[in-house]
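Every chain is named by a letter (A, B, C and D) in the order it is written, and numbering of its residues begins at 1.
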Amino acid sequence: MPRIELEYFAQLGEQAGRRAETRETSETTAGALYEELRAAYGFALPAGQMRVAVNAAFRPWTQSLKEGDHVVFIPPVSGG
Amino acid sequence: MPRIELEYFAQLGEQAGRRAETRETSETTAGALYEELRAAYGFALPAGQMRVAVNAAFRPWTQSLKEGDHVVFIPPVSGG
Amino acid sequence: MNRFLIADRAVDIGALRETLLKPEAGGFCTFEGWVRQTNDGRLVSAIEYEAFAPLAISEGRSILDEVMERFDITAICAMHRTGYLPVGDLAVWIGVAAPHRDAAFKACRYVIDEIKRRVPIWKREHYVDGQIEWVACHHVG
Amino acid sequence: MNRFLIADRAVDIGALRETLLKPEAGGFCTFEGWVRQTNDGRLVSAIEYEAFAPLAISEGRSILDEVMERFDITAICAMHRTGYLPVGDLAVWIGVAAPHRDAAFKACRYVIDEIKRRVPIWKREHYVDGQIEWVACHHVG
């Protein structure tokens, strides 16, 4: 199973209780991985209210994942 | 005849060849005084393209003048 | 806070900005006018600004009063230079603090537009070729 | 000139401004976002900003590239803070130099609007009553 590097920002970091982790997963897309994590950590936000970045670039939720990919789920932003 | 304090700005100063003067005049309104000066100095601008200030406040061209009034003709402005 | 200045020498704009820092403001917009090296295709070396100061100040204050009334802003300051300014020099500075950014932007824009339209200040451009000319008006004064 | 910075400590904005001084620019517009003492009626003591820096920087650069293409401007720089910022602190700074003021204002406004809409930065408000909350989004990220 590929190992994925995850980093959590804002409320996701709080809900996951960590800022980062390396995780083995059998899920093959970013969207499916989010659902797995949502079940594990109880993330409040549905994927439809977020975006996902793979290797520091925005990608569609259907993006397939491979060993070593760096994945960040992007909750609604609030900078400025 | 009342004596009027005049100050000239921008192209009016150049055309009058002076920055200020005290002038006795028999004219009784700001508009008539401008025509007198226009004849004397050859001011290029018609009154219709300008405004007039008496005692440092914008006034209508029909403003009557009295001894010691300070009059400035305001060519189109170009600050900023 | 509402201040309009005519200055015959360089002003510390960092100090002007500091007078506008207010804990109830979340957005701050400034506009600066700089002497540009070209105008209408001609090479400019400097601009000389002349103001009828008493009226420029009272007209400037009227503009700032209008802005305080029309826009939801916290504090505002504007400064216009007079004298001989070489290319690159700061000719005008406007700073507006407001609770929210929309009012800060709109108020700042209103002030520079109105200064150009109504404040008795005139500029004479000095060109690289040695010519000197009073600039054709933005507007009837 | 087109630079987007994420900074984890205070930045000298006078120095940022100086990088934008260009003899071909006649208008310069800045926007600053400050930590405001109230939000939605609650008393704020500080805001903590968190950024996913690599993506924030590339997204910020995309915004500045768009601006250089869409508006007639000369130079632009934007900076966003991360970390713990008490009331009054500078959270964001944008400066735009342009030949004419209209483009400077519009480009500056575009940049702050797009930063708020798309750059992966999040804020957590600290309230005077001791509560701490991630702020409900401006927009879907």
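The rule is simple: a contact is a pair of C-beta atoms (placed from the backbone, for glycine too) under 8 Å apart; a residue touches a chain by one contact, two chains touch by 3 or more.
Note that the structure is predicted; figures quoted are calculated from it, not measured.
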Subunit D and subunit A - chains in contact with each: none
Most distant chain from subunit C, judged by the mean position of its C-alpha atoms: A
Where subunit B and subunit D are represented by their mean Cα positions, the distance between them in whole Å: 49
Length of the line joining the C-alpha centres of subunit A and subunit B, rounded to whole Å: 74
Between subunit D and subunit C, distance of the C-alpha-averaged centres to the nearest whole Å: 24
Overlap residues in subunit A, where contacts from two or more other chains coincide: none
Junction residues of subunit C - those touching two or more other chains: 33, 112
Chains that touch, pairwise: A-D, B-C, C-D
Of subunit D, residues touching subunit A in the complex: 33, 49-52, 54-56, 58-59, 80, 91-92, 112, 115-124, 134-141
Subunit C to subunit D touching residues, read off their complex: 14, 21, 23-38, 87-88, 97, 99, 101, 104-105, 108-109, 112
Contacting residues of subunit A [partner subunit D, same complex]: 7, 9-11, 13-14, 49-51, 53, 56-58, 72, 74-80
